[in-house]
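Which chain is which? They are A, B, C and D, in the order written, and residues in each are numbered from 1.
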Amino acid sequence: MMQSTGRTPVAILGATGLVGQRLISLLSRHPFFEVAELAASSRSAGKPYGEAVNWQMAEELPAALAKLPIHPCDPSHCRSGLVFSALDRSVALEIEQAFAQAGRAVVTNAAPWRMEADLPLIVPEINADHLDLIERQRKQRGWPGFIVTNPNCSTIGLSLAIAPIQIAAGVDQLIVTTLQAASGAGYPGVPTLDLLDNVVPYIPGEEEKIETETKKIFGSLIGEQVEAATFLAAAQVHRVPVVDGHLMSISVKTRQPLDPLEAIDRLRSFRAPREVAELPSAPVPPILVRGEEDRPQPRLDRGAGNGMAVSLGRVRSCPILGLRMEALSHNTIRGAAGGTLLIAELLHSRSLLP
Amino acid sequence: MMQSTGRTPVAILGATGLVGQRLISLLSRHPFFEVAELAASSRSAGKPYGEAVNWQMAEELPAALAKLPIHPCDPSHCRSGLVFSALDRSVALEIEQAFAQAGRAVVTNAAPWRMEADLPLIVPEINADHLDLIERQRKQRGWPGFIVTNPNCSTIGLSLAIAPIQIAAGVDQLIVTTLQAASGAGYPGVPTLDLLDNVVPYIPGEEEKIETETKKIFGSLIGEQVEAATFLAAAQVHRVPVVDGHLMSISVKTRQPLDPLEAIDRLRSFRAPREVAELPSAPVPPILVRGEEDRPQPRLDRGAGNGMAVSLGRVRSCPILGLRMEALSHNTIRGAAGGTLLIAELLHSRSLLP
Amino acid sequence: MMQSTGRTPVAILGATGLVGQRLISLLSRHPFFEVAELAASSRSAGKPYGEAVNWQMAEELPAALAKLPIHPCDPSHCRSGLVFSALDRSVALEIEQAFAQAGRAVVTNAAPWRMEADLPLIVPEINADHLDLIERQRKQRGWPGFIVTNPNCSTIGLSLAIAPIQIAAGVDQLIVTTLQAASGAGYPGVPTLDLLDNVVPYIPGEEEKIETETKKIFGSLIGEQVEAATFLAAAQVHRVPVVDGHLMSISVKTRQPLDPLEAIDRLRSFRAPREVAELPSAPVPPILVRGEEDRPQPRLDRGAGNGMAVSLGRVRSCPILGLRMEALSHNTIRGAAGGTLLIAELLHSRSLLP
Amino acid sequence: MMQSTGRTPVAILGATGLVGQRLISLLSRHPFFEVAELAASSRSAGKPYGEAVNWQMAEELPAALAKLPIHPCDPSHCRSGLVFSALDRSVALEIEQAFAQAGRAVVTNAAPWRMEADLPLIVPEINADHLDLIERQRKQRGWPGFIVTNPNCSTIGLSLAIAPIQIAAGVDQLIVTTLQAASGAGYPGVPTLDLLDNVVPYIPGEEEKIETETKKIFGSLIGEQVEAATFLAAAQVHRVPVVDGHLMSISVKTRQPLDPLEAIDRLRSFRAPREVAELPSAPVPPILVRGEEDRPQPRLDRGAGNGMAVSLGRVRSCPILGLRMEALSHNTIRGAAGGTLLIAELLHSRSLLP
């Protein structure tokens, strides 16, 4: 453990991957949290972090962290009460459960738990109330700790982009075509030969995640149950030669009429609930609506709101579904590490951390 | 003029641009036609072609053509009866009209004439019958020659992809999101800084072209009038870092039910009318339906059918419109030079050339 | 003019280009300077800056600057005593001379003046003493103001990389092969079709600049004359598909023996003179020597020292010239806007500004 | 085995990799050889080739080959007398030796055997005489078959580029800086995140291969011994975002004076010995010297001579070593599959095949 500074010590599971690195980068000067423990697969365990990681962030790896020894992903080796998981889906279920059983609060970016009925799937600006599932989860599973999940990288940007429309007029049908960045597949991820002078119109499992997670996020918490939203969603995904930033082409049919100018107004004025807006990583505003006809663009707009805001553009009428727009969000910040961090900040401010 | 070989001599207007180069490349060993005259803007006129052009094709520029002097774009300087136009839209109207008035058959890739009621807009596999408009055009305008137009590069691939569906079940609604190659903007075209680690969600005028031209192509020739198809079409376009090959994500609602397996069957068995299928540049079959879940991809599939076929993949049901798929076609071959050439071959085989 | 804040008001000529934008970005919170006036070509003059510019920086354009009206590039329209010039070479000579004649201090990034005998060509860490040429310049040309020049973007990184070697052992022969980023050509700059799945082994005038400017920078100021360094330099340049960051492969023959370990030691311990090291934009240290065998890399290392440091790697012996290494520097920060700014800071700290 | 056609049946080891695929593509209509057997790792063995391979070539996989079952890499499972090896270096030594022991002629692209004293390392245009080592090899090792090796992908292009200079004036010193394509690392090979908006200044083992193999290729066969050439060679390598085509920046010091115009003349008039020039895959001429100042470029020039020729440009004097130039060759054709094939054709025409 590093020396205390009054901040809450946290552990990062899967610390050597891209999302783990981004978490370390985002946590390097955080007002609430301090990286105390880094854990990774047995291949890395025991080495100093700086030796085990292939550091890819633009900022230098903080020297103190470079020296931190890597722990195994096992609660008996980590003392932190708050645990960020950037684990690979193949091992996430088992390890995260062990941490919850050991009384830790786990905020995970991994996919496997997301659609479990008693696990909250949270975009803080939209469904902070779903955190009430934690109680049911603990009761039902007999865990002293708990697990909260961060949605898929595309799902988060999409959900934020349509949240004001859902509130204003109700989403009825949703067609989304994505152009997703290479970093979404982690490192090594997609081979150069697949994305040089090329585009791949497929990402395994991605379309299902977008179609199902969105409905859970916009679901209503009734009693101890989230009743999924009932709109229809259809996703078609592509991997494009972009480092960071998922772009989405969105067409929406609303239940109530909503003309594009009104939609722009609703999108621009959208704000998170105060308890969320005041969190250190919350972007204010969460949505930027750009007026240029050729924006948003990944390289120019992914950094908006420190990578936590969603940039929209080309909001206009669609002759078929009624409304269409382009949305962009930073997939490894808002869509992964930053989203996870914002959830943890919310847990902290609600005093839900051990 | 080059020496005769029994083949029909042809002129190319706008010969130094990317589409002009591609035409020269495709015509280099053509059974019907022989490049006899090259014309370009006054900046190039007078120079040998090899000096004026920034040759970008993979094949070497034929030595005989490198020496051809560039003519001005003026019918008094070109004797060929068949004229391919790859002119920029800003000058196409005036120059092409002058050639038609001078009795030449003009097949143009330029946009301005396409939606004129008396000008055929042709995808030979789909609406060869629209060539009957030529007679009306000549009568109405008093031209001894005529102009036939080749659709927009995205429109051609889209039209071929949905033609069998239109025949089988009637297209009612059509949502298309494109990922278009850099070559579609010509040379110099899109700056590197716009497409390196980036995507641009806009191409001026492109969405309107896709939405309107498609309806004219599928229109019915009634008397001397094309009555446009009545489906609804919505296009959202993107420029992506790909050299050649426009990829399109297509969702279709049909008038009659059409399940995906039946659709695949119709797409695979689609054939052009015999008079078209026998033309030298006609791809047989015009449509390839791939079974891999991650195809078509621009770099791997744009060369299908010598760049003249459309590759489809991921044909499956859409929870909203009913049917969706990915389509790819080579934008400077099928979508421009090759499409133009196929029209000219059709005119030749119908003995419509002067 | 914007409201005063006690900081020195500055004007930027050529404010809409990439280097101008970068200057604005670097000056947005500068301790010495404040952007007061923006000037550009007559095409933009009169418009608010936010309308005229195609803003490409990752940070948002400050709102106050977006509203600044663009002035013509004429000293009668600009009152600032310190003028940064990011003008195109075709107009730089005449305009910059007019500003110097009007008593302004011009720090220019443009090429034309660089090799003039009475104009200092400055890399502050290396040859701050060459600023003494200003006096000769004023006397000789009768200018109340003066012009100081910033070297070519590749030259700066190269000069910093070899400075400690020159000091330690004397450079005798220098072969450099560059891999330069697209942003070095400005915007629109290099067409996508030239750099997608491609490399261009040529940049007009670049090799000559590298070969000659380097010798002037390392020249000795003797009396009022810079006697150019006498080493031999050979440059071969390439444009590669990278947004920012020029990579250089350098082989050096020294006059005195210098083994690689000693060289690494000298490179690592190199420091600017104190008056330079204390400037706000000076990187400390100016040179980072990386130990990984596959670094420096443009995307990972261009941000070192806020884009002002040079990253070296693979410092090892060369069987022919003796020493070789890879060097990387950010071409629009250290190699252009940031380099210019560092010179201005030096002029400010020496009280040489009007 | 496929049905006989009078052509020599051949086996390909490592048939599923990029080089194996390229070999299949090049052999699809070969006058001497016919692909009869495909072998790969045990993971693929037993499957039809079409199922096991991730086919990346622009041409469709021939249907007959798609059905060929994959054999294990074991001489007891392959009957062909001529065996092309595109095996990974980790397994090449053992497997290739087994084939040679089983009486087969193995032409390999793998690195491990190349520098063995009794194994010929062949660029047919340069050192066909080194094939005489085969006899020594068989005698010494007691193999009824033999192994001939194809050089490293960069080495081949470099060797061809300097061969006429070596003949005309003797190479004394050679500095080469490479910009190598992604395909050189095979598939999956280099991650997208390493080459998008980036360059990597390192490829494991590559510099040593270039420096040592070149000297063996230009070595003199004296008795049964190749005495390596004695020039000094220094290589510095980079991986760049290019699909195919290695570009090299070359500086040469010759033993006898050779001015650039004379060098261009020698390069242009260079021809292979007649027995090589008449082989089906031999490019005539082997070297193209381009006059444009910005060529060769990978995308435009890699296809020269069907990917078998080397394109040179910017041949000019170097102020330090005397002569410099840019060279480009297709790394998976000339540098791998095509080079291997040309060696096999030479063995065939010399009746050295079993």
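Some points to look at:
Definition applied: contacts are C-beta pairs under 8 Å (C-beta built on N, C-alpha and C of every residue); 3 or more make two chains touch, one makes a residue touch a chain.
Fair warning: this is a prediction, and the values are worked out from it, not measured in the lab.
To find the repeat of A-B among B-D, C-D or A-C, check which pair has over half of the same contact pairs by residue number; it is C-D.
The chain with its C-alpha centre at the largest distance from the centre of subunit C is B. For this pair, subunit B with subunit D, the centres built from the Cα atoms lie 40 Å apart.
Centre to centre, using the average C-alpha position, subunit A and subunit D are separated by 47 Å. Listed for subunit A are residues 56, 194, 196-197, 241-243, 299-300, each touching two or more other chains.
On subunit C, the positions that touch subunit B within their shared complex are 56, 182-183, 187-197, 241-243.
Against subunit A, the residues of subunit B that register as touching in their complex are 173-175, 177, 179, 194, 196-202, 211, 232-234, 236, 238, 240-243, 247, 249, 251, 293-300, 313-314, 318-321, 324, 326.
If you check the complex, the residues on subunit C that touch subunit A are 56, 58-60, 196-197, 243, 299-300, 303-304.
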